[in-house]
Amino acid sequence: MNDKELARLLQSLIDGRISLNDSVKQLKKLPLEDLGIAQIDHHRELRQGVPEVILGEGKSLDQLEIIITAMARKRRNILVTRLDREKATSICRQFPDGEYDHDARTFCLVQQKIENSGKGKILVICAGTSDLPVAKEAIITARMLGNEVEELIDVGVAGIHRLLARQELLQQAEVLIVVAGMEGALPSVVGGLVAKPVIAVPTSIGYGAAFGGIAALLGMLNSCASGVTVVNIDNGFGAAFAANRINRKDRPV
Amino acid sequence: MNDKELARLLQSLIDGRISLNDSVKQLKKLPLEDLGIAQIDHHRELRQGVPEVILGEGKSLDQLEIIITAMARKRRNILVTRLDREKATSICRQFPDGEYDHDARTFCLVQQKIENSGKGKILVICAGTSDLPVAKEAIITARMLGNEVEELIDVGVAGIHRLLARQELLQQAEVLIVVAGMEGALPSVVGGLVAKPVIAVPTSIGYGAAFGGIAALLGMLNSCASGVTVVNIDNGFGAAFAANRINRKDRPV
Amino acid sequence: MNDKELARLLQSLIDGRISLNDSVKQLKKLPLEDLGIAQIDHHRELRQGVPEVILGEGKSLDQLEIIITAMARKRRNILVTRLDREKATSICRQFPDGEYDHDARTFCLVQQKIENSGKGKILVICAGTSDLPVAKEAIITARMLGNEVEELIDVGVAGIHRLLARQELLQQAEVLIVVAGMEGALPSVVGGLVAKPVIAVPTSIGYGAAFGGIAALLGMLNSCASGVTVVNIDNGFGAAFAANRINRKDRPV
Amino acid sequence: MNDKELARLLQSLIDGRISLNDSVKQLKKLPLEDLGIAQIDHHRELRQGVPEVILGEGKSLDQLEIIITAMARKRRNILVTRLDREKATSICRQFPDGEYDHDARTFCLVQQKIENSGKGKILVICAGTSDLPVAKEAIITARMLGNEVEELIDVGVAGIHRLLARQELLQQAEVLIVVAGMEGALPSVVGGLVAKPVIAVPTSIGYGAAFGGIAALLGMLNSCASGVTVVNIDNGFGAAFAANRINRKDRPV
Amino acid sequence: MNDKELARLLQSLIDGRISLNDSVKQLKKLPLEDLGIAQIDHHRELRQGVPEVILGEGKSLDQLEIIITAMARKRRNILVTRLDREKATSICRQFPDGEYDHDARTFCLVQQKIENSGKGKILVICAGTSDLPVAKEAIITARMLGNEVEELIDVGVAGIHRLLARQELLQQAEVLIVVAGMEGALPSVVGGLVAKPVIAVPTSIGYGAAFGGIAALLGMLNSCASGVTVVNIDNGFGAAFAANRINRKDRPV
Amino acid sequence: MNDKELARLLQSLIDGRISLNDSVKQLKKLPLEDLGIAQIDHHRELRQGVPEVILGEGKSLDQLEIIITAMARKRRNILVTRLDREKATSICRQFPDGEYDHDARTFCLVQQKIENSGKGKILVICAGTSDLPVAKEAIITARMLGNEVEELIDVGVAGIHRLLARQELLQQAEVLIVVAGMEGALPSVVGGLVAKPVIAVPTSIGYGAAFGGIAALLGMLNSCASGVTVVNIDNGFGAAFAANRINRKDRPV
Amino acid sequence: MNDKELARLLQSLIDGRISLNDSVKQLKKLPLEDLGIAQIDHHRELRQGVPEVILGEGKSLDQLEIIITAMARKRRNILVTRLDREKATSICRQFPDGEYDHDARTFCLVQQKIENSGKGKILVICAGTSDLPVAKEAIITARMLGNEVEELIDVGVAGIHRLLARQELLQQAEVLIVVAGMEGALPSVVGGLVAKPVIAVPTSIGYGAAFGGIAALLGMLNSCASGVTVVNIDNGFGAAFAANRINRKDRPV
Amino acid sequence: MNDKELARLLQSLIDGRISLNDSVKQLKKLPLEDLGIAQIDHHRELRQGVPEVILGEGKSLDQLEIIITAMARKRRNILVTRLDREKATSICRQFPDGEYDHDARTFCLVQQKIENSGKGKILVICAGTSDLPVAKEAIITARMLGNEVEELIDVGVAGIHRLLARQELLQQAEVLIVVAGMEGALPSVVGGLVAKPVIAVPTSIGYGAAFGGIAALLGMLNSCASGVTVVNIDNGFGAAFAANRINRKDRPV
């Protein structure tokens, strides 16, 4: 369409309907997205099967239903994150094919088969059972984005042997997401055991001087294992999205 | 060697020189690294050409020279990071084949040809000229680890067209390292333009409420571009190491 | 009135009813506002049409109703900010001509026509839909203060082309208010695109290391675009008030 | 130049030397700055007399001399900020027409007459003598940008009558920059006395719980005077730049 | 009683019922409060009319009722601070002679006439109406402690003339308590106007970068008026107690 | 069991059913916990009478009931900490032999007699009555772990004689846990009075600049009494666990 | 003089040389200090013997010498605080009658006999020998302001008996200044022992989590002793100034 | 002596030289240290061989030499901590029998044989070589206090097998001191491996978001291993002192 518009302008030039000078002026005035930049959006449209992601937090039920309805019509797969239980009840009633996960607080509406677009497996490791909601957000997001995911739960560093016993699992993953609250030490240990990308997710689990996840966040940023990267506190979604960036199979552009 | 030790023990068992019961006991007492865990180190020894990395900060000149000398004897490639100019002068005199980069504060001693072990190119993007030292640390580290690296310098968000003009370069990279101080906004823009992994490095550039890089760090952790991951302030080395984890060509284990 | 009082005193002096000495004493004892300083208040009274602004937060319903009733009697225009929904219901019942905005949490009672007192347009730009409440507070405040306002919504930096496509709009504004949460990068980009005053408003939108708006606040204070100024977190009212200070048409004093 | 390039391309199209299809392709590949976005830079070139500003901090003497030399050749006016005394000595020797201000730590090289581009006067107010360096940076920057500037020094709130005695001066300014350290209360008082734009600059003056300017910064962000805006700690340059954005006389675009 | 106990021991020594050696031993073993230290408590008992103060926050209704009942029996005056409305309702029912202040969240039970024990008047100044609850806690506490108190409400620094108009009132006070939230600038202005002790109370009034009173607290600690002292955020009680320490008439010990 | 597995493998080697080489390989592949590391868990099983501890916070009622049921079947003693009242009601109904402490928010189910495993007494000292819940968590935990515990309540430093009067009690303890909120000064005084281990527990008691226990935490970390150690804010459980580590009678390994 | 000016204006009115209307206008325009407010400065001039205080920090040697010279000519007593050793050497050479205290970093030039203006004694108490510089600043300031001062050094709370042994000294003071670093607990203990005003001064003594005095500052703000007030970190001067406000003998105004 | 004084007073009572009433009065006035409290100091004198500890930081060379000289005369063992190299040179010259450790920055003067007063061994574990200075301060302090000490160096969690290989060493210690910077994760792992007391020491090693040891401190306070206690950042001395409190053999009081 943009191309057509552009072609039409150039045809007018060829036909002498507008002067060369005016073409230059008009070309410079065209909204940017109609030229080079627009390819970004076009690019997005090409990524079939990628879900539309909506941050549920801070949106009213009305707003959410309008957005989901619009997307659902386009047969897109939809992922809503940070959706509280109350809104979820209403949304599930309206979109009965969708599924709400109480722990992860995600709502998934799958309307197209999700193709596996990953090079390998993403392994989500979790220090304690209280970190599960964040881990689950990562797991569900990664799956919605077309990745194969495995999980390894409750392997905190105070019982280090539980982690060490599962080294084979660690070695087989293409990307590792490590979720931990409190002192956030697990990514350091994992980062020392594997050579693959390790994405650390601090959680707000803990009390007192945990400061809602700051202790874990700082711990992870200062990891003595080289090359561990970090996302925001409780950001399981972001970790999965980053893992997906890494794990995507190459495709011709 | 460990294997021999283990074999010798088992041979004694076969030969009846020790009882089955005693073997069990002895096996349980063996230092762990002699058994399963040791494979980690063994693994490391196999990674020929990977440099030994030494954190120069907080080590005395004496300590540094002893460590470098020992490694140099093994014909290892050596990378010293965060090495101040004064110590560097002395070390360069003692190891004249090495090279010190005044901006990056790195010392490199290459004794074995560095093989390209990467799937694609790592692109290091840098918001301002003051961020160059951190960017250079990332560039040099990534190269020492066997990656092809390109750079894109001085493309801060306050002059967004400079970045947009180089979109092709962005699209060609396998991994992108984005270095920025002050408000640290560049990774958000880059993360919105590419689908590849983006590693954000906050720098301590700025004054006042920049708080030595905290402003940039927080900005990057809260990036509105999904799936941007972050390393510690000024940690160009860590970003390169993380990029290398992502970019390494697969090898048989 | 003050003038009359003063004139009466001086007339007494002329008439010889009080001595020169006593006049000096009385003049020095007069409450300060009756002399030079009072001109401030007098000045205020002259600014017809300017609304009285009441901070709703931290005031009881009783207090609010007393204040609004008193002001309403003087036929003043009234703006209540940060008014929660519950109190608003009761106030709207009592002042049915007023209007409550659920997003902005403002109550407006317009009793005199609002004159356009601005030199040009104020443009309120908003990074994400979650930042809308703060943006709306700014929009409503700016209008109540007698400005023409335009809005540009949901143009976050992770999709930079949406902003770039609307450059003409940016260029036409006299003052720009840029509202953003999370990393707060939008004002840096806008500040690089226009030469007009840019007022940045950090919002408390985000979670984890967003720290209730601190990340955005620091980002904006450290903007790499020169001459961007900042107001308090979520302070849409303050940004509009500052924009009004800039945009007011000159008037004879 | 860009226009020529574009024209040449279009001429080729008219001449039939390239097909319409190829023109579309080529137009989409052109670096963005060659099209719409480039007008920003072009715009800049038109602003004759505006100084080039260089942040001295974090640049080596070599880098600074290269940049200044290049700019000096174009007969631009040059302003270097945050330049320490040592580097300044060397630069002043090389550019003897320039002037270094020891308090403000600025270097100015004026090669073209600075036209007054302001609507009115900018008034720089300063709480204590220790805040003078920041105030001076603001004053010098504002003058280099083509504004008329007045100063009002040492009018801290603990001796409020000194400020009140100068109210006429306050009322005459078009924009007010208020510089204060410690508790940073001055902008609140000034903001209550005038209706014009007030830009607050916190300084790092103070000790203990002043926390290098955080106390003043927070004080200013929470000013009880409506519509006071704030810049980074010690950012006299930024305040002047913001004041200039406000004070610039309108010009045809 | 303690005295009696001690006298009895000494009488036994005189009577030869215990040896000198044993007396020494027994004297050294006596609980400390029975000797020198006990005078503190004894001292307290002498201060008739001084209320018993109970921090209501963090105590259950049961605990509060037991404590108040015990004290009420001794005919003491009782002051409960930080008592929430719900508990207050129940307590007022049980102690109908007491009085609950909804703003100050204090409960007062006066069973003995409160004697004026002060040298002069305590003046409580308050920046905004939202700071009233803290100011009221100070006023009620100061009165319960036997001081004459005056109040000056809503004299924030953004309308400085209101404060200046009341200078006579300021000059007449023996101690001044200045309550302010947001930027907490009022004590600096007051401290510059009077030579008497000024106690600053930061309040948690404000939002965003007010950080629950931190901005005001820092502002007050960094006051440019010499010799202003500060108490904890929202600590009207502490300010009144400190004022009482200053204002108490000397009495023979 | 593990031993049996190992023995079986070695028997196969003796019997010639597997080669020596294969044994080495298999031994290296055995999950780590089956060898040396497993002894940790085995060790734990030997500690009869030690309760299983469950952090109630952040677990759903369902999760808690499943875990408690499983443990209860093994006749373990069970301690649930940070259990809110609502969940406790339901759990107490299901496990009527258990006991819930409303202050400490602990649930204890004692199914085996708790043996006294301590060398001496643990003394829990508490600055104010508001600190009681944390003190009680420490007391109950220490008792569940098999220690004799004494308590000393409401001996804050503002009434130092109350503490000094009880010095004998202090001297008799083997370990002292000192619980304090607000300025957290008590451990410094206690640490100066005794030569035994002192564990300081900051509580979140206080308001304003107490910052939820940070003031007390910092106070304790900077104690001028040498050798005072600190645990997390409100972590009565951790203090008791640490005291138990110190107080455990030696046992043959 | 001001009075004369005013009288002259009023005489012109009486004489009919100016109209009543013009008088009103002129009166409103008179600089404020010429009327009521000016009395503040006049008041100051009456306080003979009170030293002029100069904050040495942040002033150049030149600035200091100019200010001191000007004041010295008026035969004022001069106190310079926070004066570093280097500048002091030069100033002492120029003003040989002055005295520099190396610990307190104060310079005193006494040109008029200092009258004792205090009601009683100020007692400066100091937790450790490292806190002495701040204590000495308080002592010297208090003496320069005309107070009798006593000192009690090295009575930290970890050796509480040293303080308790000196209770008589505590009881005799009219005002107590308590200087302490680290956990800052001393004011709480002192505040519990005396009924007189207690001013707490946190010092930056300590390391690690002392955070340059923040730990002590927070400790003092949260003191469990009622009515302790606090000044800025290391602000011995401010504490003495506050003590002087309290201790000044009443004088006729 | 005190006893004598007391006996003399009582003898006067027996002899009738003073009345019973006067004895009571005099006894109540006796300085506290002359009675019960004084036993604390007496107690201290009995602890022969315990070194006098002097904090070198913040003391002048003069002060240090006076204190050391005084103590040396009493034949005490002396430990100076945090002594910088420059002062050490001078002190070593004056006390040639003493020994300065350049890493630990301690000066030890042993004049009496140090008796082993410990129940078992103290093990000092250290995460990285940069943490050595703090570890050494702990080691030297523990030895000076009469403990047997072992060390385990460079066993960070990113190479977990190095620690696991030394489990026997861990199991044999009576108390473990774990020193770590960066993310401070080591104490969590150690605390999970042993049942003995674990004292964690955060170090200021690291950069950026390590914030001078805050990351490690928070990590340790939030350790997921139960019962780990923490001391101040870089406080090797405090950790050793705490370990000594735990490890001291019981002695008759």
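Every chain is named by a letter (A, B, C, D, E, F, G and H) in the order it is written, and numbering of its residues begins at 1.
Convention: contacts are C-beta pairs under 8 Å (C-beta built on N, C-alpha and C of every residue); 3 or more make two chains touch, one makes a residue touch a chain.
None of these values were measured; they are calculated from a predicted model.
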(message) Using the touch definition from the top, how many steps at minimum link chain C to chain G?
(response) 1
(request) Find out how few touching-chain steps suffice to connect chain A with chain F. (result) 1
(message) Could you classify the chain E-chain H contact as same or different, where same means more than half of all interface residue numbers appear on both copies?
(response) same
(request) If you tally contacting C-beta pairs, which comes out ahead, B-F or F-H? Let me know. (result) F-H
(request) Return the chain whose centre of C-alpha atoms lies at maximal distance from the corresponding centre of chain G. (result) A
(request) With chain centres taken as the means of their Cα atoms, state the distance from chain C to chain H in Å. (result) 59
(request) Could you give the separation in Å between the centres of chain A and chain B, each centre being the mean of its C-alpha atoms? (result) 25
(request) Report the inter-chain centroid distance for chain A and chain C in whole angstrom, where each centroid is the mean of the CA atoms. (result) 39
(message) If I count partner chains per residue in chain F, which residues reach a count of at least 2?
(response) 32, 36-37, 40, 159-160, 164, 167, 192-193, 208-210, 214, 217, 221-222, 226, 232-233
(message) Under the stated touch criterion, can you name all the chain pairs that qualify?
(response) A-B, A-C, A-D, A-F, A-H, B-C, B-D, B-F, B-H, C-D, C-E, C-G, D-E, D-G, E-F, E-G, E-H, F-G, F-H, G-H
(message) Applying the document's contact rule, which stretches of chain A touch chain H when the two form their complex?
(response) 127-128, 156-160, 164, 182-185, 188-189, 191-193, 206, 208-211, 214-216, 218-226
(message) Going by the contact rule set out above, which residues of chain F touch chain E in the complex?
(response) 129-130, 159-162, 164-167, 205, 207-210
(message) Going by the contact rule set out above, which residues of chain F touch chain B in the complex?
(response) 3, 6-7, 10-11, 13-14, 20-21, 23-24, 27-30, 32, 35-37, 39
(request) Using the touch definition up top, name the residues of chain B that touch chain A in the complex. (result) 36-37, 40, 53, 164, 167, 171, 192-193, 195-199, 217, 221-222, 226-233, 237-246, 248, 253
(request) Please give the residue numbers of chain H that touch chain G in the complex, ascending. (result) 31-33, 37-38, 40-41, 55, 57-59, 63, 82, 202, 204, 212-214, 217, 232-235
